[in-house]
Amino acid sequence: MKIIHLTRTLLVLALTVGASSATLAQATLLNVSYDPTRELYQDFNAAFAKYWKDQSGETVTIQQSHGGSGKQARSVIDGLEADVVTLALAYDIDAIAEKGKLIPQDWQKRLPNNSSPYTSTIVFLVRKGNPKGIKDWDDLVKPGVSVVTPNPKTSGGARWNYLAAWGYALKKPDGDEAKAREFVGRLYKNVPVLDSGARGSTTTFVERGIGDVLIAWENEAYLARKELGPDQFEIVTPSLSILAEPPVTVVDRVVDKKGARKVAEAYLEYLYSPEGQNIAGKNFYRPRDPQIAAQYAGRFAKVTLFTIDEVFGGWQKAQKTHFDDGGVYDQIAVQH
Amino acid sequence: MSIRVQNIIKQFGSFVALDDVTLDFPTGKLVGLLGPSGCGKTTLLRIIAGLESADRGQVFLDGADASNAHVRERQVGFVFQHYALFRHMTVFDNVAFGLRVKPRGQRPAESVIHSRVRELLDLVQLSALARRYPTQLSGGQRQRIALARALAVEPRVLLLDEPFGALDAKVRKELRRWLRKLHDVLHITSIFVTHDQEEALEVSDRVVLMNHGRVEQVGAPQEVYEQPASPFVYSFLGAVNLFHGRIQDHHLHVSEGRLPVGHNGFQPGAEALGFVRPHELDIETDPAATAGIAARVERVLAFGPTLTNGQRVRLKPARIRLFAPESQPAGSLIGMDGDGI
Amino acid sequence: MSAGQSRRVLPGFPLALGYTLVYLALIVLIPLGAVFLKSATLSWEQFWTVISAPRVLASYRVSFGVSLLAAAINAVFGLIFAWVLVRYSFPGKRIVDALVDLPFALPTAVAGIALTAIYAGNGWLGQWLEPLGLKVAFTPLGILVALTFIGLPFVVRTVQPVLEDLDTELEEAAASLGADRWQTFQRVLLPVLLPALLTGFALAFARAVGEYGSVIFIAGNVPMVSEITPLLIITKLEQYDYVGATAIAVVMLVVSFVLLFLINGLQLWANRSRART
Amino acid sequence: MGAAVATPWTARARRFEENVATREPAWVKGVLITIALAFFGLFLLLPLMTVFAEAFRKGWQVYFAALVEPDALSAIALTLLVAAIAVPLNLVFGVAAAWAIAKFDFRGKQLLTTLIDLPFSVSPVIAGLMFVLLFGMQGWFGPWLMAHDVKIIFAVPGLVLATIFVTFPFVARELIPLMEAQGREEEEAAIVLGASGWQTFWRVTLPNVKWGLLYGVILCNARAMGEFGAVSVVSGHIRGRTNTLPLQVEILYNEYNFAAAFAVASLLALLALLTLVIKSLVEWRGRQPLNAGEESQGVPA
C-alpha cells in the first residue's frame, strides 16, 4: 500500500511540475529557432520585452530554444509548444504546416518579404593570412583543401551552403547539371567533419582547428570573427552566392490554444520595425528595410546573389531533388 | 504440547517428498527425525512449523487442527540449520527480536524484555557476548544464540533443523550433550532433524527413521538399534554385514558356506538376505569346523593377538536376521544365540 | 526447498511481483513495443530498403566494427588492469581502483567534450599526434577512443572478482608440475578467467554499440566514414522520417536483445565455472 | 551490470606477491604496472583533469559566473528534480523486483530478470525515440495529451520518463544477486518469531541489503543526473526550462562558451567523483562485518 501511495505522490508531483510550467507559459513566448541566431534573439528579446511593456503594460518573457533547423522543426511537429518559429529555411516551416498541421499552408504570405525579416548569404571563413589562397568556390574543390560544412541532412545552413555551391557551378559559363553535380561531389570529398548543425561546424573549425575553410552563414562568420579573434580569421566573400531567406511565423495552433496570438504576432512584426531591423544588422544579418540596410551597407561585401526560386524552383523541389533520402546528396555521399 | 501429523503428502514437481506420513510426537519428549538427505525429514519439520504447506493431510497441535494456521499463530520455535541469525543485530537484539515484534498490546515492557533476554543468555551460557554481532561468534555460539532466540517467545514446540550440521565434530558432540541436558530442564516438546545416526541415538527420547518420504520405523533409540524393522534401518543404523543367499534346511546358503538360521518363515529354496552386526560375529579358529563362512585373515590390526596373517578361520553369527530380497518389513526374523548352532 | 506452491510463508509476493510487472510494462515493454509496432507500418520490402541502404550499412560497419575493436582493446587492457589491481601492491592503488569506475559515473557528454579537447588537432595530445600523421578526433579513431573509455570498467569489474577468488593452490600445483609462469597463465589461469573475460567483453560491446553522448562530440559524423548508427536514427528523425528512424532502431534493438541473451548465458557459464573451481 | 564488485585491499595483493608460485619476475610486474598505469592515465585521469583544467582556464571568476548564471541554475534545479523523481521510483521498483525474484520461486523468473536488464543494452537514442513515438504529437497518445493539455514530451515528465528508462535496472541489479545470496532463512526466522510482513521487511531484509541498496542508488543517481542521449531527444532544449546539466553543457559548448561549458561539465565531474568516493566507502562498509566474521571463525565454542 505504501509503495502505491508513494508512487502516486511522485506522479502527482511530476504532473504538477509539468502543469505548472504550462501555466507559467501563459505569460511567456517560446521562440524555437535555429543555431546561429542565439545572439540575435538575445538582443532582440530584451528589446521586444521592453517595447511590449511600454505598449501593453504586460511583462513578457521569451524563452529560446536553439538547434539544427530540421531538428527544431521536428520538435515542434512532435509537440514542442513553440509560439513562434524562426528557422533557417522555408522547407522546415513547410514541414510544420504539412506534417504537424499546426499552421496554414500559405504561412509564408502572411508577413512581408516571404516572411523573412532579414536575409543572409553564404561566405567563407578562412584562417589568418588565407594560407590556401581561397578566393572563390573553385578553390574549395582543389585537392588538399579541407572544407568544413555541416550535414545537409540535418542542418538548414548546410543546405544553403550546398545549394550555393551548386548554383555557382551551374551558373559558370559552361555549367550544366552534370558539371554541378561533379563540382559539389568534389567539394564534399574535401569535407573531413560533418556536424549536425551550423554551430557545431563553426566550433570544429574555430576551436578545434580543423579545416582550411568554413562555409558558413555570413552572420555566423562575422560573429565568429568578432567573438573568437579578428586576428585569427578572415572572411572571404565568393563572387556568387545564394540569397538565404530565413523565415519566421507564428504557430497558430499553439498561440490560439494559449491565447497568445496578439503578443506573438507583435513579436514578429517588431522584427520588421526599424528597431528590429537595426538589431538584425548589428548581429550581421542583412536588414530588409532599405534605410537600415544602407546604414549597414559598409559591413557587408558586395556579392551577386541568386535566389532559390530562380535556380531550383523553390524549397520543395530543391529538397526533393537534393536532400531527400536517395536524392542527389545521398548519391554523392555514397560515392565518398 | 503434543503434535500429530496425519496422512501428510507433499510433492515438489514430480519428486515425492512425503508419501502419506502419519506420526505422533508425545508431549515433553525430544524426538529425532533421522534419515538420509532427501528423505523428507526437513520438509516434514517445515510443514509442522508452517513454513511449508502440505499438499494433503493435517497437522494437529494439542489435538486441534492447525493445518491452516499461519506460522505466527502456531507458536513454534524454529532453529535453522545455518542459524539464520540477523547479522545486522547484536546477540542481544537477536534474542529480543521475537518479543519486540509482538503486537503493541502483547509486547512486554523493555525492562521485561531485558531481563528475559538476560535470563536466556544465562541459560545458553553466553551472557558475556550480548553486545557482539553474529559474525563475531563461533559456529557453536551462533547455534546456542539461535536456540535462545527461539526460546524467547516461549514456544509450545521447539523444532530444530539439523542443528549441529554445520559444526565440526568436537563442537557437535559437546553441543548435543548440552542440548540433551537443556531439554531435561525445559521439557518442551521438541523435534530435531538429523542425518547423523549417532546424534539421533544419543540425544533423542524417540527416533523416527525416514526414507524416500516414508516412515520406516519409530521407537526408542535402543529399540530401533537392536530391532531394526527393515533392511534400510539395519543398514542405516550402525555397521552391518550383509549375506545374500538361499534358505535350505535351516541354513542360509551363501557362496562361501552356510549359516545356521534355525526356524524361520521362509520356504525352502527361497532367496533371503541375512544381516549380522559385527559384534555378533564369532570367529571360529578350529580348522575342522564346517559351519559358518570360510574366510582367511588378510591383515591383523593391532587389536588382538589371537590371529595371524594368512590364518584360515570361519565366521559364525551369534544372531542373524533374515529379510526377503525386495522386502521392506515383510521378512521374518529369528533371534539365536551361539549355542543354538 | 521452495516457498511452497499453495501458500507462501513470506508475504508480499503478489504485491511485489504485480508492481514489478506493471512498472516493467509501463516503462520498458510498452515503449519498446511501440518501436516495433511503428516499424510494422512498413512492408517487409520497404523495411529492408531502409535498413540496407548503403549509408545505413556503412553506419553499422562503423558502430559494430569500432565497438568490437574497442571491446577487444578493453578485454586486453582490462585484463592487465584487473591483474595489476589484484596481484600487485603499489602506491596510489586505492585511488586507481576507485577511478576505474569513472566512466560509469561521468556523464557521457562530459566525457565527449573532454576527449575532444584532448585529441583535437590543437588539443593536449592532438597537437603532438597530428604531426605524426595520427588524427584522432573527428575520425573513426576518435570513436574508438570514446568507446574504449566508456567500456573499460566492464571488463575490469567482471574479471577482478574472479581473479581475487582464485585459490593460490591452482598456481602452486602448476608450478610444482614444472610449468613456468607464462604456461601457467596460458593453460591454467586463462581458461578459468575466460568466461568472465568474455562477459566483460560482451558488456563493453553492448554498451559501445548504443553509445551516443560521448561519440557525437568526437566523431566527424561524415556519412560512410564516421557516422554511427544512433546518429543516423537522429538524422532520420530530423528529416521527419519517423518510420525510417524506427526501422533502424528495430535493427539495433534486435542486436541488443541477442547480445543481452548472450551475456546472460555467459554469466551463467561464468558463475557455474566459478562454482566449480 | 557486474558493477557490484568489491574493491580489493592493498594488503590482499601480498598473498600473491609473497608466494613463489604466484609471482612474476620483477620486470614483468614492472611492465604490467606501467601498462596499466599508462592506460589509466591516458583514458581515465587525463579526461578528468582536462575537464577541470579547461573549466578554470579563464580563471575563477569566469568559472563561478558560469555556474550562477540563471540558465545554469535552472539546469541544476531541473537535473536535481528529475533525479529526485526518477531515482526513488526506480528504488521502489528495484526493491519490489528483488523481493519477488530473490525470495520466491515462480515460472518465468529468469525471463523477468533478463527483461529488467533490457534498458542497459538499449541505445539511449532509441530510449528517447520510444517516448517520442508514444507521446509526441505524431505519436499514439500525443493528440489526446494535447487535447487535455498534458505535456509529457518537451517537459519535465518526458525527461523523467527517459531518465527512469535508462536508469531502470540499476537498483534491481544490485539487489537481486545480493538478496538471492542471503537466502530466505532470516526472513523465515523472523516470521516464525512472530514478525509481520512489514516488520520482517523493515527490520530484517532492509538492514541486510542497505549497503547494496545505497550502492545501486548512487550509481542510479549518477546516471540519472548525467544522461545525455535519451534526454536530448525528448527535451526540446528550451533554455531555462527543459535543459538539464548535460544538455546545458552541449548548449554552452555550441555557443563558443567553452570555459562555461567546461565549468558546468566540471560540476558533473565533481558529482562523478563524489559518486566514486561514496561508492568506495559503501564497498568498504559493506564488507566490514563479513571480514570480521572470516577472522573470528576460529573462535572455539
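Each chain carries a letter (A, B, C and D) given by its place in the written order, and its residues are counted from 1.
In this section, a contact is a pair of C-beta atoms (placed from the backbone, for glycine too) under 8 Å apart; a residue touches a chain by one contact, two chains touch by 3 or more.
Since the structure is predicted, the reported quantities are computational estimates derived from the model, not experimental observations.
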Farthest chain (mean CA position) relative to subunit C: B
Chain nearest the overall Cα centroid: D
Distance between chain centroids, defined by C-alpha means - subunit A, subunit C (Å): 37
Computed distance of Cα centres, subunit C from subunit B, in Å: 54
Distance from subunit D to subunit C - Cα centre to Cα centre, in angstrom: 16
For subunit D, residues that touch 2 or more chains besides their own: 92, 96, 132, 138-139, 188, 191, 196, 253
Multi-chain contact residues (two or more partners), subunit B: 51, 71
Where subunit C touches two or more other chains at once, by residue number: 2, 9, 15, 19, 231, 234, 237
All pairs of touching chains, each written as two labels joined by a dash: A-C, A-D, B-C, B-D, C-D
Footprint of subunit C on subunit A - complex, ascending: 3-4, 68, 70-71, 73-74, 77, 95, 99, 151, 153-154, 191-196, 204, 207-210, 323-326, 330, 333-334, 336
Residues of subunit C touching subunit D in the complex: 2-3, 8-13, 15-17, 19-21, 23-24, 27-32, 34-35, 38, 77, 80-81, 83-90, 93-94, 96-111, 113-115, 117-118, 124-125, 145, 148-149, 152-154, 157-158, 160-161, 164, 168, 171-172, 174-176, 181, 199-200, 203, 206-207, 209-213, 217, 229-231, 233-234, 237, 242, 245-246, 249, 252-253, 256-257, 259-261, 263-264
Subunit C residues touching subunit B - in the complex, by the definition given at the top: 1-2, 4, 6-7, 9
Touching residues (chain side subunit D, partner subunit C) in the complex: 1-3, 5-8, 10-17, 19-25, 28-29, 32-33, 35-37, 39-40, 43-48, 50-51, 54, 92-93, 96-97, 99-101, 103-106, 110, 112-127, 129-134, 138-140, 161, 164-165, 168, 184, 187-188, 191, 196-197, 200-201, 219, 222-223, 225-229, 232-233, 245-247, 249-250, 253, 261-262, 265, 268-269, 271-273, 275-277, 279-280
Residue ranges of subunit C touching subunit A (in the complex, touch as defined): 15, 19, 53-55, 116, 120-123, 137-139, 216, 220-225, 227, 231, 234-235, 237-241, 244
